[in-house]
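Next come two complexes, and both contain chain A; in the first it sits with chain B, in the second with chain C.
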Partner chain A sequence: MQQSLSGKAKTRPLTPANVTVGRRRWSERGYALLFLGPSLALLAVFIFWPMLKTLYMSFFLTDKFGHITVFNGLGNYRSLLQDASYWASLGATLSYVAVVAVLTIVLGLILAVAAQQQLKGIGFFKTLFSSTMGISVSVAAIFWLFAFNPSVGVFAQLSQALHLPEINWLADPHFALLAIIITTVWMNLGFTFLILFGALQQVPRSLYDAADVAGVAKRTQFLKVTLPMISPTLFFVTTVTLIDAFKSFGLIDLMTAGGPSNATNLLVYRVYQDAFLNGSYAQASTESVVLTLLIAVVTLVQFKLFGKRVTY
Partner chain B sequence: MAVKLETRLWWCWLSGLLLIVTLTFGLGTTAYGAGRTKIVFWHEMTGPAQAQLMTDAKAFNASQSKYEVVPEFEGSYNEAVQKILHTHGTSAAPALFQSMDVSTAQLYHANVATPVQKFIDADHYDVSQISSVARAFYSQNGKQISMPFNTSQPVLYYNASLLKRLGIKAPPVNPTYSDITRVAKAITAKSNGKVKGLTVEVYGWLFEQFMANGNTVMANQNNGRSGYPTTVDFTSTATQKAMAWIRENIQAKDFIDFGAGSQAESNEIAAFLAGKLGMFVQSSAYISQLLAGTKDQLGITYYPHADGTKANGVSIGGASLWIANSQPKNVQQGAWQFIKYVMTPQAQAAWQKATGYLALNQKSQHQAILKQLYAKQPVAKVPSEQLAAATANPANSGIFMEGLLQERTLTQTAMATIYNGGNITSALKTAETSMNQYLANNNRANQYTNH
Partner chain C sequence: MTIQLEQLAKTYADSEVPVLTDVSVEVADNEFFVIVGPSGCGKSTLLRMIAGLTSISAGQLKINGVLANDLPPKARQLAMVFQSYALYPFLTVAANVGFGLKARHFSAPEIQQRVAHALKMVNLTELKDRKPKALSGGQRQRVALARAIASDAKICLMDEPLSNLDAQLRARMRLELKQLQQQLGLTVIYVTHDQVEAMTMADRVMILNEHQVQQIDTPINVYQNPKNEFVAQFFGTPQINLLTATVTGHQLQVTPDFNLAVTRPLPEGTALCVGIRPNQLQFKLTSRNANARIQTVAYLGDKLVATARLSDDQAVRLVSAETTTLAPGDLIAITGAQQVVLFDNATGKLITTEQEVAARATIAVG
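Right after this comes the complex of A and B.
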């Protein structure tokens, strides 16, 4: 290698002008491939291939082993779109995602701002606010299941003591989704709080000092200084929360298993049920494709709408 | 710095490696050396049932020197079915596996097992000692395809002490819907609404039992016993009556709804043990937990049936044992020997005492271990009596149909709708239409046709 390079250099000196563009491109590509190859191969085997296979399967029917048997064209998509319970799942998912995202971020921000105040014992609250980060889904589920128990739970006893109407949180289709939302927000809050609190700490004090000198009201300071300064973090937190909410699974599986009356049968849970309980792999593939498109659209809209307002 | 960081890292690395090596080889080695045929046994038992199963495997291994049963826990029933199907014929596949009731038709059609009938015939094994309702559940065309194992039946539990305190007459041992309604209403009225009378979990298995006890088949083709089912009947008189009965109790405000799934079960048990719930229907497998959990006296009756009809008897729930057909002959033989071992009167009696599942060997009832249990807790006998009282027929021998998990999801959706005030017939009809669509799709996908 060294030999041939130096050999060439003798006959034609290496100057930028006479190194052919195509040649440089080839060697750059070669290097790129060398470095990216391993991860590309892994992605191809574990991500791209399953994705394509899922898309392919959605046009067929599968037997109990998951083997493709009969071509079904757009039949799976058609029956999915004609299924009233699928539309109910879709509606439930969208409202779940929207409410969870808004509540998590607003509450997380409020807690983060509160924790910034220089008060005695604030360290205790900081620990308390971020503590749900260390709690696993199963522990949270058990804790909340007990709280929601209609006969011995905390909420039932409270409403009995206060003579309020008793709510059957997990068995009433009108409240089950709300119960899951409360639990999810509670679970997510620790992470959101911690990230937003970190971002608030990064805002230079000098900006607030300058604003104080200029006589800017505290509320205006928050809107004109704080929010723009933490906007990249807010954007990140929103994206993560939205995608996470779409993928919610654990709490639903442990608390309601999709019921009552499909009220909490969110899209991802449906995919799981169809594939791993009912063995309808083609149906589950179809639902996965639709869900992927949906998440892509929502993320795109989010980037278009809010991406421009982010100040880096 | 006393110890260099690098050295410490090396130590970490080494001890980690050592741990992995010990775990793989330490746990991998078995109590017996070479010379024995290994029988890998996949099961899904947890808690006391798992412990008892280990005891059985150990005792079996000690009782002979040809085979060694190696039990391996495979997670939930649902996950296990998929694992069994997807590993079949590979080196990862087990020799013997436990699979849940609702997977029976699916596994039979997948042709992954040697019917135990083959071994029964070769051994002239007296199969009549095993409960006929349980056997019928896992039979097709007169052949035993797998051996019923952990088996339960739904029963009605009531708090006998509570009824006594409130001065309410206990329900009869084979109650009708109106018997239960009377007690439920009385409980709520006499406790001033502090105690709810009744709950019926939103559970497809219980829905199926209303049909079985009402002598009604759910799927056509004789509940799948004479061909691949193509339609189901969720709107039968039996189901309408059962749903109307529950609706009546809901309207009388003596009923409490805990929803569906494992959370519903733990919530209803918590309520029952706390004295906030008077009666509930549930699997007989909870009996040990209930006896241990409260000082109140426990009452048990048969599963309720509609007024003016005779109870047909309920079907069973639980799981059975299958012998994989991909294994060599001697391995299959070993699996069969183990099945015979766990079905002995002694093993079955010990199984019932330890787990709450029913002893399927009828001779178990004369074993000292069960006699002692019944002397101490006479109600513990009721589930076994209910099982023995029924004669197997297509309605109470289980539904031989693929997609029973889908059926349960759909009937549970219908039940939840009805519990929350929806129209009974239209809720059932919606579920029925979806299930028929599923069946059409599934039959097409698996290329099933009836001749």
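Right after this comes the complex of A and C.
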């Protein structure tokens, strides 16, 4: 009798409910791990490990085969920042990113607004505007290589017909980056147009009706109703375009391969060249880390500057 | 402010079927005018035509006597409340209410004063710095009202403003809207598909159906003297009974055992449609001379709504104040009706109404 009383006092009654809760928590974690496991493993092998390895390698020197030789501390970073050609690449990249982002957003918005008008045959143009989404980088590169060709290209023939000075777009260091910018913007437009068009369609008609009744002019309505309403989408598109522009590789590789005289040797392409053509793995790693930091900072600044204004 | 519609019509360019034809009415100053009809009848289109958001195909629209067909919305000096409230999610309550005042070139202090006044009228002063997302449906509705008030327009168009609210709130807002209209001396044109809203708020009602005006009158007249079958069916719950009957002698024979004694002479043998409101149908529970059998019974607390079958299988809706006496299967004798409305069977148009009509049951139902 006494024993059973004291026993009761010490231990918590082991009810079925307690047991199942404990078991369920365990099995829930087990299941979570089971489901997440495969993708976590893939991420670890192909993303996290290379990232850490890159960071690690940026503090060392490497041989031709990418093997680590000597610890170099911040030496790689120091020499990178003293390299004039690196600064030129950085400058080209920043101007490329800025111009691409501005042109993509502005042109995309103009096309999206145009496609919203109730006009005959607008459906055809909607398809046309978004069509670059379905074109691969290689096809686009070939298409634009032809367009920029100094003898048979559209641009050359146009300048000939208008008696303008001939430009060898891809071979002239002053115009090669512009050619890449034009091509990138063209490639970006399909996606940007589609997303912005969707956002415009989402703005309730009644908001414009209310503005009409209140006597707000159409142009003011665009600034006071349309832009605020699509601001979250604009923010998203801007972020994606910026990050994408920083990472541009395919078009450059296929159209100019970084040339002429490094005019289009943007940061990502430089990483590729240093690692796989020059065999300077440590230097390429350092550049990668710096590029990652750069993208992070730009994105962060963007969030700080505009993030607050788009949440409603 | 008065609004005159003269044979207003709307046809969209890409279709030949008119959305509205021949709408004529004069809405008086300070009138609460309700446009009611089933969905797709063109009532919202009519309101948008008055607002200037949809063009007018034919006819004339006069606001305060001035032809307004081609005036832009802002020149019509009216306010509009939308079904979706049309609030700007990125603006605070106060900014939403003041939206558009700047476009009308009011000074900042005046805007502030008007917004404050409007918010006070709808009891939203404490919430003026919130965004619409942080408001309940009823509060959003009030913000939309406040915006109309702040515009100081004497005409207010409302497009189903209460249809997104729950039943209780809707009932309360009906009263508040009506009070507000009288307080501010507004001329209101109010669109709804809800006949109860139309009955409770309107000075006059316009019933639209199939692109045409069915009737324009006070709620009482619309209820008591509906111009056609559609109007009769649209107003009143439970719905009016529409029974087919033939004229035999001085009587209207609905079924052989259910005759109505009407006083007005009618051509022998004509088929008619007899309209009797459920609450105006008199009946007693009996097995002798019964002419209908109770089918379903619904208790509504203070009254009971039942359906019964006549011997020819036509259904009849009944209302009884005695809530415990009826059960499915009971036999009843319909003895008369306080009012009977007769419609032409072919056109559905009103022929005549008669008061205190006696019914005779001759043969018992099997």
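Everything that follows uses one rule, which is that the second predicted complex is superposed on the first by the 265 of 312 C-alpha atoms of A that agree within 3 Å, B and C clash if a C-alpha of one lies under 4 Å from a C-alpha of the other, contacts with A are read in each partner's own complex, and residues count from 1 in each chain.
Throughout what follows, contacts are C-beta pairs under 8 Å (C-beta built on N, C-alpha and C of every residue); 3 or more make two chains touch, one makes a residue touch a chain.
Note that this is a predicted model, so its numbers are computed, not measured.
Chain B and chain C, once both complexes are superposed via chain A, fit side by side.
In the superposed pair of complexes, A:Pro204 makes contact with chain C only, with no contact to chain B.
In the superposition on chain A, A:Ser79 makes contact with chain B only, not with chain C. Using the contact criterion defined above for the overlaid structures, shared-chain residue A:Gln273 touches chain B, although it does not reach chain C. The larger set of touched chain A residues comes from B, when the choice is between chain B and chain C. When both complexes are overlaid on chain A, the residue A:Met229 reaches chain C alone and has no touch with chain B.
By the touch criterion defined above, A:Ala257 lies against chain B but remains apart from chain C after alignment on the C-alpha atoms of chain A.
In the superposition on chain A, contact of A:Val216 is made with chain C only, not with chain B. Across the overlaid pair of complexes, the angle with its corner at the CA centre of chain A and arms to chain B and chain C is 140°, in steps of 10. The minimum CA-CA separation between chain B and chain C in the overlaid arrangement is 34 Å, rounded to the whole angstrom. Here chain B touches chain A in the complex through residues 78-79, 81-82, 85-86, 106, 109-110, 196, 202, 256-264, 266-267, 270-271, 274, 276-277, 402-403, 405-406, 409, 412-413, 416-417, 419-420, 422, 434, 437-438, 441-442, 444-447, going by the rule given at the top.
Looking at the complex, you find that chain A touches chain C at residues 204, 206-207, 209-217, 220, 225, 228-229, 231, 312.
For chain C in complex with chain A, the residues that touch the partner chain are 48, 51-53, 72-74, 78-80, 82-84, 86, 88-90, 99-101, 103-104, 131, 133, 147, 151.
For chain A in complex with chain B, the touching residues are 61-66, 69-70, 79, 83, 85, 145, 149-152, 168, 170-173, 176, 254-262, 273, 276-280, 282-283.
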